[in-house]
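Consider the two complexes below, in which chain A is the common component and chain B and chain C are the respective partners.
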Partner chain A sequence: MKKIVIKNLNKIYNPNKANEFCALKNINLEIEDGEILILKGVSGSGKSTLLSLIGAISKPTNGDIVVNEHSIAKLPDIMSSAYRHKEIGFIFQAFNLLEGLSVTQNVIAPLSLTKMSEEEVREKVKKALLIANIEHKKDQKVAHLSGGEKQRCAIARAIVMEPNIILADEPTANLDKENSLLFIDILKTFKSLNKTVIIATHDILFDNLDFVDRYINIQDGAIV
Partner chain B sequence: MQNKNFIDFAITLLFKDKADYLFSFFIFSFIIFILSSVLFISDAIQFDISQSIKDQPDIVVENTRAGREFHMHEGFIYDISKIAGVSSVEGYAEGYYYFGQKRLWFHLVSDDTLKTNEMVVGQGVKVAMEEFYYKDKFNFLTEERIIVVDITKVAPKSTNIISNDVIYLHPQTLRRILGLEEGEYSKLYVFVPNKNEVGQIALKIVELYPSAKAISKEDTIAEYRHLFYYKGGLFLILYVVVMVSFLILLKNQISLVYGEKKKEIAILRSIGFCIKDIIALKCMQNLVVAISAYLLGIALAYVYVFCLNAPLLRNIFLGTNLSNTISFTPIVDFNVLFLIFIAGVIPFMAFVIIPAWKIAIGDISEAVK
Partner chain C sequence: MSIFLSNEIIVFLLIELVLIVLMSISQVNIITILRHWDFNATTVLQYALEKKNYLINTILYFTIVCKIILFIFFVKSLDALAEIVPGAMCCAGVVGSNNYGNVLLLLKILIIFGFGIWIIINKLDLSFVSFPYLKQKYYLFSFLFACVILEAILEILYFVNIPLTVPVFCCSTVFEAPKLPFGYTQTMLVIIFYSLFSAILVLNYLKDAMTSFTCNLLFLFAAYYAITYFFGIYVYEMPNHKCPYCMLQKEYFFIGYFIWGSLFLGVFFGISPFLLEVLTKKHYTKMYRYSSLCLVITVIICTFYVAKYYLLTGLFL
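After this line comes the complex of A and B, so read on.
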């Protein structure tokens, strides 16, 4: 079953202005349910832009993105936010955690939009922390964590809502080799959980991984 | 209506940024405290004066000559009592005595229940006299002689709003001090049974004696009201200035804070918070700050005005050189509280929410990269 279908997707920043920049050109792509896909390409090639469009963080200039047979390209804010909340788990290069909060408080953040009982929230957080292997640091402030621990906290937050799609933008760029390999191990867990995972990276550690279903190269905003 | 999980998370974020919120909380509490104190004092004074004046005659007549107050004789009483609608007219002797050592004016009022060598003094008069060792007696200096009168009593504090600068004396003693002859009066009290006729009768008195002033009870109340409205108005202008300064300060702080908070809002948006959720989150956090600051400001103002008798502000409002130990009657007008809420909390909320909304509607993709 096709999870994500991208049709004739274009993204132009600052259209009709002197600094107009075409980040994505006529992208057509189909991603299967449970597929692990790696977007490769140098910095500025358009990988992150493609992720932000799939995650409905920004809107395409034209073209369409269909997720679970629903177009998400032109959704109003309230619906695109609900889509991000329920369907998408983001893992960012800069982790993007709320620094003054503890690991648990960060992981709870997406659950604050639900009406789950306290018990359910506790269960979900515990499960996410265990998968991300960060349960032992659950009460620590994220400001006091190492880069690898922050990454695992970000993973726990990304999966706490049990989304079907996980988007990771340069997830190992700020990690050492050991932590990068740990992240790759967690990817295997995602595979076993049948999550659709799209990773934008130029890290060579991701080359030739046996559990990755597909590698796509992006260059100057186009799939090559 | 937001659910419990959302409220818990909003409070978690509130505590995370407690230093930023404490800044707004304390300054906003202070502004509400000042504004509430001024309005509480103004209301309490107006109430006390209205209560004091309530028992006064319907019309007070004063005469002038060469632009100065001048005494009236029995003929005035006779003529005014003949005006239709007037039930009685009473002559009254009162005036002012200059206490040169302290450069103060005392208000002399007659009281025929006192003996000729006795007087009752207001709290402020008592303090002023004691400074110059007039503890039991006081020497009134007149053109011809010194009149010595015993201080037998001090007027109770509860009457301070009107008695602070007053000395009550036997009419005969008062006349000797002021140099008034028998049958000469400084004021006439006119009683009118039908309150609807008071204005008309006051006009008739002035027609009869163009040099006289006929002041109705309503005029006196209105005069005091205007006086305190004017003083309260000055403070309201000050409040506006302080509030504007605070909002400018707040705006600068918000610009700084929101520079840092831009990423936080973008993170929340990326995990599924919609614009409405961000606004609700900020509203909730700032309402907690604004309402608690509002309640603290009101509570502090209440204690300051009604328990501590508003040191500093009291003298500005009462405008007297005498020390005044007036106790303000605790009057809390809910319209005033609502006005303070509208004038304080609403601009505060607007100043805080608008920047958050602006960030929330912006492009978040760059901020989370």
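After this line comes the complex of A and C, so read on.
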């Protein structure tokens, strides 16, 4: 089953202005349910732009993105937020955590927007912390964690809503080799959970991983 | 002194000008949107139109809410003008000082009703992904925009023709001989008022859109006369003071704003379901309860003044 279908997608920043920049050129891509896909390319090639479009963070200049047979390219802002909340888990290079809060409080954040019972919330948080291998630090403030622990906390937060799609933008850029390998281990868990994972990276550690279904190279906004 | 040097009129006309400029910008863009809109297309033009649509919606929502608030300011301004228009004691004198006043006021009320409908359709339209009522709401706005231009012309004509040297007639004219429509008596007017009110409550409960629409319009007409020629005299506690505007003044605790405000809101919510059905081909029954609530408030306030007078004096006026 096709999870994500991208048709003739273009993204131009500052159209019709002197600083016009074409970030994506005529992208056509189909991603299967449960597929792990690595987007490779140098900085500025358009990987992050593609992720932000799939995550409905920004809108394309033209073309369409269909997720679960629904076009998300034209969703109004309020519905985009609901789509992101329900369907997408984001993992960022800079973690984007709330430093003053504990690991658990950060992971709970997406659940606070739902009407789940306290019991359900506790269960989901525990599960996410276990998958991300950060349960032992659950009461610690994020500000006191190492880079690798912060990334694992970010992973727990990304998966606590049990999204079907996980988008990771340069997830190991701020990690050392050991923590990067730990992250790759967690990816294997995602595979076993049948999550659709799209990772934008230029880290060579991601090359030739046996559980990755596909590698796509992006260069100057186009798939090569 | 020119009427255009009055503080209220300067402020009113400046705000009106800004709102008309914003609406004109929106109207130009609306024409582009209506000509090229195709929601299923994934072209550069369609995405640009969708962005434009959000911007226009925001501008229009802002201007329309401002316009509704400006209507209240307009009424207050007319009240204030009574101080510089010779012979005028309240809005009645200022509104009736030339032939444009009453037409302008009626047009303003109709435009406010139209904008109210627009706000509801806009809210419905934005609650769907595919903007199903986009064309209807923009055609409605285009019509209302034409009315706003007409209103602006009437405003200028009205203000220019307010006499500042010749005394105007005010409530004195209505002191003389109350003119009721179709030769009705006050008793008959009150019976019609309460009968229509009861009928509307039943129809609102039954959610009968078309009959409720008709009854609400009739009630608006009957209520105007009933409030001016019957309930008003109990508000003023003077049997010959038959004025719809004086009750807006401080001396009467601004009660007119509550009476007329709840009446207009009640009628608006009563007629909206039918108009929305015509425009969107769907049923909207939620507004009936607001209609009933607002009209109950109108009737309670009106009845309170009659009851209070009777309890204090043992007499009816």
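The rule is short, and it goes like this: the second predicted complex is superposed on the first by the 224 of 224 C-alpha atoms of A that agree within 3 Å, B and C clash if a C-alpha of one lies under 4 Å from a C-alpha of the other, contacts with A are read in each partner's own complex, and residues count from 1 in each chain.
The rule is short, and it goes like this: contacts are C-beta pairs under 8 Å (C-beta built on N, C-alpha and C of every residue); 3 or more make two chains touch, one makes a residue touch a chain.
Values in this document were obtained by computation on a predicted structure and should not be read as measured data.
Partners chain B and chain C, once the complexes are superposed on chain A, both fit on it without clashing. Once the two complexes are laid over each other on the shared chain, residue contacts for A:61 go to chain C alone; chain B is not touched. Between the C-alpha centres of chain B and chain C, as seen from that of chain A in the superposed arrangement, lies an angle of 40 degrees, given as a multiple of 10. Annotation for chain A, partner touching more residues between chain B and chain C: B. By the touch criterion stated above, A:73 is placed in contact with chain C alone, chain B being left untouched. In the overlay built on the shared chain, the residue A:98 is in contact with chain B alone; chain C does not reach it. Of the two partner chains placed around the shared chain by superposition, neither chain B nor chain C is touched by A:5.
Minimum Cα-Cα distance between chain B and chain C in the superposed model: 11 Å.
Shared interface residues of chain A, touching chain B in one complex and chain C in the other, do not exist.
Contact residues on chain A toward chain B in their complex (touch as defined above): 48-49, 52, 55, 57-58, 77-78, 80-82, 84-86, 88, 90, 92-94, 96-98, 100-101, 105, 108-116, 121, 157, 161, 169.
Only residues 39, 42-44, 46-47, 50-51, 54, 126, 129 of chain C touch chain A when the two sit together in their complex.
Those residues of chain A that touch chain C in the shared complex are 7-8, 10, 15, 59-64, 73-76, 79.
Only residues 3, 5-6, 8-10, 12-13, 16-17, 263-264, 266-277, 361, 363-365, 368-369 of chain B touch chain A when the two sit together in their complex.
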